[in-house]
Amino acid sequence: MTEASITVTDARVSFGRVQVLKGVSLLVPAGTCFGIIGESGSGKTTLIRAILGLQRLQSGQILLSGKPLQPGRTGARLRAMTVQAILQDSTASLSPRRRIGQLLDEVSEVLAEPKDATRARAAALFDRLGIPAAVTDKYAHQISGGQARRVCVARALLMRPRVLIADEPTAGLDVSVQGDLLNLLQEIRVEHNLTLVVVSHNLAVIRQIADQAAVMCRGEVAEVGDAAQVFDAPQSDYARSLLAAWPRLHKPANL
Amino acid sequence: MGIDIVSNRPIATILSEALPNTLQLASTGLLLALVFGLLLGSIAARRPGTLLDTVLGVTSVAFITTPAFVVAIVLLLVFSVQLQWFPVTGAGEPGQPLDRLVHLALPATALAIGWVGYLARLIRASLLEVLSEDHVRMMRAYGVPERRIVGRYAMRLALIPVVAVMGIGVGDMISNAVFVEIIFARPGVGSLIYNAILARNFPVVQAGILFTVLVYVTANLVVEILNAWLDPRIARSLGPGS
Amino acid sequence: MRALLADVWASPTGRIGMVLTAAILLFITFGPLVTPNPNLLAVQAKFLPPSLAHPMGTDNLGRDLLARAAQGTRAAVLIAVAVVALSSVIGALLGVIAGLLGGWIDRAILIIFDIISAYPPVILAMGIVALYGTGASNLLLVVTILFLPQFGRMARAQTLSLRNQPFVDAERILGLGTARLVTRHLLPNVVGPLIVLASMNVPVVITIEAGLSFLGLGVQPPQASLGTLIKDGYIYLDQSWWPTIGAAAILAITTLGATLFGEALRDASDPKRKGGFQ
């Protein structure tokens, strides 16, 4: 439980003159669910992209299971088999000119697994996630936003990663589907001993699902700790004011 | 640039003798293209969707797609050989403006035709866009006469894209001047380079091309500066608050 | 595809373009089969005006001009299609790589494009031909180079707009390599607008080829191309104007038809007008 899955040390990223990550340090323990909250533009997505190797760091270091990210082709493949992610905009993260089935086949390519085996695992996952099998013959713009989100979850899980990062997994879904998806992610996490990182604006989501939570504010980590502590006894002024805007959540019993 | 081994004269001198002829030809061609392009384009834009508009549209495309050297040959055949209205060859006597102008008429027309078509279409499109904007509708609602809207206001905005393509225009004029100069046997940079290629006189070819590129790059620079200067000023003078 | 052609047919100018293009295609496909040998000399029958035996007359060597026009137009169209195909493929590859990789590779490719377009096109072509010699294959190469920047810049712009699309990130996250990312996910999105640009450039290339061949810097005799036909006729303009005008008219019809067709195709496939892909 105490083994670190992701270690971020003093990560800095700038776009032009604007510093978007101003020395972020985080430690995500293996096998837990880690929540990241923070206002829009606070740098959550940028941090995730850095962890995924999509965003070069100005300075600082990121370790996956204690090892630094390797550059090059083999490094990329290795990382892909360790970390997978679901991006904020699911429909747009499915390549528009390829059928969903073709996108799933790419998993077998990267894993060097027979296509049939991947397809069989995909079928099982689709079943579990409640995605109609007919979706495989469609293009991204032909399926609903909720289906696209679940297809992205399925594609990520097909890679059998050890860490799954989800950027706003519940945004744009109706409340009952939100709950189903979170429960499912939680179940799968326990089953496969996954490390789950969930980014959300929705404090209720993080509170429901996370063991530990970090609060980001303007490119810095304002507070990090056990989720219960962050929500019920926040130490930093920023976290307090953020949570004060959610009275029902902060003091559920009193309302 | 050295001495030309064929004529035993400095290459720089040869080039500077040829250049004025080409510049006169190209600038007259550009001027003709601007005048007639504007005319046809604004006529078409005032009557969008009519038969006249369609005819002007297809004519413009035909102008664009017919190569300058074909136009030059046809003009030469009809007006010089058959009708004998214009001289067949040469650039005219130096120092006799009228004679030079007569010699310039057909070659410049041949150069201009393609860009008449192109500019007519460009002007039509940008005029139509400007005329459909909200503030133009408002001017109409206030009873400003249509002629004044088009002439005073819309035309100024519609000219911005025309200035923007002038750089390409200069390049096209220089390119096509090669054909036109050869067909009308006019002295100029184009025919100079061409004849040097045929004679395998490479120093002259090299110098000629270098010279042409310099002219072209300079023209493009001027156009770019003009464009940068024109665009924000016009945009600001017509923006909110004025 | 059918819907696209139906849209082209629906516009009046598109219809003219389609008819002219179809006529030219028929002419270059079947013309050489039904006309006499285009290189058959008959010096006693030179400069004949059009007649039933020679619908476009004969040239200075008594060769049948309709046959030569069919052969010449075929050569012109084939060269133009080859140039556009080569130029668009190479240009697209360079453009996608520049846009995707950025940095010094991007800058280097852009500089190459800038250098090519720093010359007025015909002048550059004349320079290269002067250095490396005339002939159909050199002509092909020269004009291909001439058109690289256009295709390359367009592909680069498209790639830049695609590069930040989430699906590119998603494929990277999955562990897909650059080569597969380019061929499978980027190029297919660039191809549509590229085909339109390519089809619009076919008549432009025909014009340039004809011009260079007219100058004697392109296709060489006895092979016919529209440019060499006009040139051959032009030399004997004082004896007969049929050869020149006939070839010039076919050249004008070909480029006009192809342009009208290409523009209608562009409008019909404009996503702003149609919404969505395809």
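For reference, chains read A, B and C in written order, and residue numbers begin at 1 within each chain.
We take it that contacts are C-beta pairs under 8 Å (C-beta built on N, C-alpha and C of every residue); 3 or more make two chains touch, one makes a residue touch a chain.
None of these values were measured; they are calculated from a predicted model.
Across every pairing of chains, the maximum count of C-beta contacts belongs to B-C.
Chain centres computed from CA atoms place A at the largest separation from chain B. The geometric centre of chain A is 59 Å away from that of chain B, both derived from CA atoms.
Per-chain Cα centroids separate chain A from chain C by 50 Å.
The geometric centre of chain B is 24 Å away from that of chain C, both derived from CA atoms.
Put simply, chain B touches chain C in their complex at residues 54, 57-58, 61-62, 64-67, 69-70, 73-74, 76-77, 81, 171-172, 174-176, 178-179, 182-183, 193-194, 197-198, 202, 205, 209, 212-213, 216-217.
On the chain C side of its complex with chain A, the touching residues are 165-167, 169-177, 180, 184-185, 188-189, 276-277. Interface residues of chain C facing chain B in the complex, by the touch rule stated above, are 12-13, 16, 118-124, 126-127, 129-130, 203, 207, 210-211, 214-217, 230, 234, 237-238, 241, 244-245, 248, 251-252, 255-256, 258-260, 263. Against chain C, in their complex, chain A makes its touches with residues 49, 52-54, 73, 76-77, 79-81, 83-85, 87-89, 92-98, 106-107, 109-110, 140-141, 152, 155, 159.
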